[in-house]
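Next come the structures, one after another.
Below, chain A partners chain B and then partners chain C, in two separate complexes.
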Partner chain A sequence: MGKKLIKLIGLGLILLLVQGISQVNAANITKVGLVTDVGKINDGTFNESAYKGMMRAVQEFGLKSAFIETRQPTDYEKNIEQLISEGYEMIITVGFLVGDATKKMAQKYPNVKFAIVDFAYDPPVPNILGLIFAEDQAGFLAGSLAGLMTKSKIVGAVLGMEIPPVVRFRKGYEAGVKYVCPDCKVLAVYIDSFTDPARGKSAALSQIDEGADVIFGGGGTTGSGAILGAAQAGVWVIGVDQDEYMTTFKKGEAPGAKKLLSSAMKRVDNAVYGAVKAAVDGSFKGGTALFNAGNDGIGLAPFHEAETAIPDTVKAKLKEIADGLKAGKIKTGV
Partner chain B sequence: MTSSLRFSTLGTLKLPTQFTFLICGMISIILGILYVPLPFSFRLEKRLGKVFQLLPWRIAPPLIVFIVLIWAGAGRQIDVIGMLAQSLRLATPIGLGALAGILCERSGVINVAIEGMMLTAACTGFVAALYTQSIWLGLIIAVLSGGLTAALHAVLSIRFLVNQIISGMVLNILAIGITGFIRKAFIVDSPLPAPPVFPAWQIPVLSDLPLIGQVFFRNQPMEYALLILVPILHVLIFHTRWGLRTRAVGEHPQAADTLGVSVFKIRYINVIIAGLIAGLGGAWFSLETVGNFDDMMTEGKGFIALAAMIFGKWNPGGAFGGALLFGFADALQIKLQISGVQVPYQFLSMIPYLVTMIVLAGLIGRATPPAAEGVPFVKH
Partner chain C sequence: MVPIFREILIPILAVFTALILGAVLIEISGVSFIEAYRGLFEGMFGSRRALIETCVAATPYLLTGLAVAIGFQGGLFNIGAEGQFYMGALASVIVGYTVQGLPAWLHLPLALVVGAISGAVWGSIPGLLKARLGAHEVINTIMMNYIALKLVDYLVKNVFRDPAASMDRTPYILPTAQLPRMFGPDYRLHAGFLLALAAVVFTHWLLFKTTLGFEIRTVGANPGAARYAGMNVAGNIVLAMAMAGAMAGLAGVGEVLGLNHTLPAAFSAGYGFDAIAVALLAKSNPMGIIPSAFLWGGLRNGAGLMQVRTGISIDLISVIQALVIMFIAANQIVRWIYRIN
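Our next item is the complex of A and B:
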């Protein structure tokens, strides 16, 4: 008798859950909110990119929107909960580090839709869409560019905290360098912060001391500080996430802008836009969405002022590699 | 295995790793034995006087640095001069912050707001430099805004007797908000080009000295400011009337007051000068290093400065040493990653804090703060 009862209750719960999920998927949203990782929506890297993507959808579909800029990692849950309490039906969280908080809140509020940048859940959570990027492919392209441009056969990378997306960037970068220049050396440094431009620069200068003549900066303002400092020291640099010519180098106004080769872009804006769009038209489903070279989720930014300094042979080779990644012929090995 | 230490253009020093370790170990053991308090009062240090007493403190730090370098360079090449120069560079904001802390706390006012003062200075200094297109005007504004923030701390904690730690923390939070607002309003969308950072100055003659010249005399202005301020503050605090009054006010304000020293005046002056120095530290971030202002770019250096201050037992020279230790650990951590040493970098970043805790626990001589620190003075 007891066992049967438990089974019945269990079945009832599962039914309720399924019912809940189908409700989540059916209801369209009118209010969407965004919670950043520690940082601001105008940080020039991924928080900003996510915010822009959300705002594009907001304007297109006439939604109501809000954002909260997180100041302390301990505030993630509080900030998400605050938006939910004000009736926001979809929450976008930005960054791997917000992963645990997002999951907890998604389980607490199963009727709210979530999209998170840079996190995949295994097993998937029914009301979270994880937006994952092939950072290794973006890094691979940056590495190829670095490997083709270096004269000293030593290239550097200054990265943020050692978390999976950053690790993928690094490994992809190393693989890309080796792909075009097997005897090149890659110097890479993790800095335990995404908001420390001074130490980023210091790491870049140390790499230049060791002979590096192309520096890749990957990790919030830490990486921006690294490429800003390295560009002013006169070596080639490569940005990350967004086209840093427009952000870090202020459309060419910042000193050193002519040394920026390109940026390894993650189209976070497109991914977030797509997630909101799906929630609006009712096709939102929990799970993971992968953005890679194949669906233009990653790629290199324009060369801007470095356009003339990059030989045509290099551009041709880069195109070949990009096509190879797209077609799946080139593997990054990550 | 051999360790190769490259001294930039001077050449490379190649040493057999294990043999060098052996020698260094023997030196340490000999030093240790000499200073063991022997039962039959045969303590050499007592017999040979003060110079000898201080000998281990003169030998041990360079010896430790040397051992670490040999270990890091085992089987590969390490560029020593570049790393030492980076150490000094990274030590600069910490050192300036620590000096600010010393000035404040020697007069009996706790200052945990160094972080906020530096952040404010970094922000306002950059805005000023951006709109006037003059980096030197930016520096002046940075220093003044550091002083202004400090004046607020002084008024709160001296005039209104607010708990000094709370006042400091409030200022830190205020600084995050204000600078975030200023950045959004005046920096992000400004069409003006950012002025280039301070150039490095080569001191004639001195900069050509081998090793020392490359580390100490080819730096940017804030590094020189630190190198000059350390001895100046030492003289001011320990060899002038003002320094004596400062220390008296910090140790026993009632006694100082009885003797006719104006406790309030001394404290106001000290806190505000501390703010000006913290302003220099702030300028290091935005005007000297990055050439931009980012939110929270001081990254807790103001708090590490407090650790350096405690490490140095509230003395300018000691605090400078502490700042160098933190800077060295950071530069070494970066260097080891570059040269591919398989040690978790978090472990190396941790070491300076462990050392500070050891100092705080009194193992390497007790660190005693000024007696009246944190106690508001009320005139009866």
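Our next item is the complex of A and C:
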């Protein structure tokens, strides 16, 4: 019995040691590359946010970096492989749609580290870190803000493709509106592109025609087109993913900037930064990292020029809701 | 000058001039054009993988370029290659994953043929409308594009969607329907490339060495004279459009059976539209399609490495391509710059 126990402890120690050694030997990266979803690194939303997160790590740790902007979905794998063939040791892929391609390449190149925004693998892949977000909570905050600000009791949402993260945004938004304004009506529409500002705008304008006086735009440049058009038509708008005051509304220079209430932020930048940092310091591990209200992974952006137009009672209510989400007292029901 | 040299001089100078203007644009955007072009050309043919990937990218251009060139030869402006491409891809993916239990020697040809027929049918509809009703093929091929794109989009998202996939796409085709990879599983070049080259040679033979080809070209050059000579004008129009559709359809088939093994929705390839440029650069000559398709495929392929090396926007490639076509269309500019008469 005692011998067995000693053996077991010995085995355990050896295992620990081996693991320790393998961690020490874990090749720390010097080159990191990013492959966008169909779209550009200056799209003002999630591709840009991911790129900024990567670049923050690149500057801080003195890495070499590159990116490829994907032009069509069938190029995902080719673009990933292009970076790997140039010696990039870590690849960031952006977006749910790149999920399959990332997995395939990760299995083909087990020594390359991957981080993907908006995708979680079940079962996990050992060299991919999935970065996922509680979009429903971000949407809930946006919905609450919309529901508190609407006068017509009709609010709109122009969304991108109907994929899980976007669906969570929508459901959270609807729940948020209903939470603060049970008799408000939500008009929401999916548009099957993340890169079509013109269609986003026309969808927003038709929601305004239907009486909506707050528009939430959630879906790449399609959503940005929607809120830009709606803001210029004079209604309140809410952005998505990052603080669109800084991007879509060019720090206030774009017309309509004073109508931007806030943005339902997903801190994709922080998540990507964290993933690269982990790969640099050797603590990178495959799996899933969830970002939500509890760890400040999501939240509302500053109000900027709308600061004075938003009553203090609304701000107080929003804070209460944010705290409730953080503490888990408020559930989005998604 | 030797006639063949005269023929290709203008396209070569057009490409050269476009690259020079592109270099100026790159410098203006603050990047060394030498760095950028080194990345571009290495990405096109600087390594075994790059060269193979250029062949991969050239494959659909060879076939869709032919689709447009056949139309031009028959006096028809086929803008519908994109739609024909999709219909071919759709038909082949359906055959590829639903028909089970066939051996590869039967399954693969079946998927190829059904795909080509599907493209041919799609192409012949505007041909028929032109031949019977005089409806302009430009309008109708464009409209058929919309119908094909949205139809395929709807079907892939709602009817044929693979429930296990992260993006909207059909299930993968069975291995028996796959076009074999020519250099093993590590490289993406598939037998569709050889098929495309064979199609080029075949089209050249058909157009210039057979009575049928002569009739198609005569109808294209002068329908009145063709009719007077006793040729079946309507029949030749439908036939030319059907052949064009079959080629574009095969391009879609190759992408499905050889490359992706599935058909994704919202898969805006643009091969059918770029094909117009490819055919223009080739002056609608089937043999000319080969260098033209390689240039287009190479630029598309090399753009990735150019961006990796210099961070320059991939859209620059589109600008260079547009400049090439402008210089081809307005070849007086090129003639004037280089003092050619």
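One rule holds for everything that comes next: the second predicted complex is superposed on the first by the 309 of 334 C-alpha atoms of A that agree within 3 Å, B and C clash if a C-alpha of one lies under 4 Å from a C-alpha of the other, contacts with A are read in each partner's own complex, and residues count from 1 in each chain.
Everything below uses one rule, namely that a residue touches a chain if its C-beta (ideal position, glycine included) is under 8 Å from a C-beta of that chain, and two chains touch if they have at least 3 such contacts.
As the structure is a computational prediction, the values presented were derived from the model and not from experiment.
Bringing the complexes onto one copy of chain A puts chain B in a clash with chain C. Using the contact criterion defined above for the overlaid structures, shared-chain residue A:304 touches neither chain B nor chain C, since it reaches no partner. A count of residues in chain A touched by chain B and by chain C gives the higher number to B. Contact with chain B, but none with chain C, is seen for A:205 once the two complexes are overlaid on the shared chain. By the touch criterion defined above, A:97 lies against chain C but remains apart from chain B after alignment on the C-alpha atoms of chain A. Of the two partner chains, chain B and chain C are each touched by A:192. When the two structures are aligned on the shared chain, A:250 is found in touch with chain B, with no touch to chain C. In the superposed pair of complexes, A:113 makes contact with neither chain B nor chain C.
Of the two partner chains placed around the shared chain by superposition, chain B and chain C are both touched by A:71.
Contacts of A:225 after superposition: chain B is touched, whereas chain C is not reached.
After overlaying the two complexes on the shared chain, residue contacts for A:39 are found with chain B alone; chain C is out of touch. Stretch 149-157 of chain B is the one among 5-13, 23-31, 149-157 or 203-211 that clashes with chain C after the shared chain A is superposed.
Judged by the document's definition of touching, chain A residues 40, 71, 192-193 lie at the interface with chain B and also at the interface with chain C. By the touch rule above, chain A contacts chain B in their complex via residues 39-40, 42-43, 71, 156, 187-193, 195-199, 201-203, 205-207, 209-210, 221, 224-225, 228-229, 232, 248, 250, 253-255. Interface residues of chain A, counted against chain C in their complex, comprise 33, 40, 66-69, 71-75, 78-79, 82-83, 85-86, 96-97, 99-100, 119, 161, 163, 192-193. Taken in their complex, chain C has these residues touching chain A: 43, 49, 53, 153, 165-167, 188, 255, 259-260, 264, 266-270, 304-305, 307-309, 311, 313-314.
On the side of chain B, the complex with chain A involves touching residues 79, 82-83, 86, 89-90, 93, 176, 180, 183-184, 188, 191-194, 196-197, 284-285, 289-292, 294-297, 299, 330-331, 334-335, 337-339, 345-346, 349.
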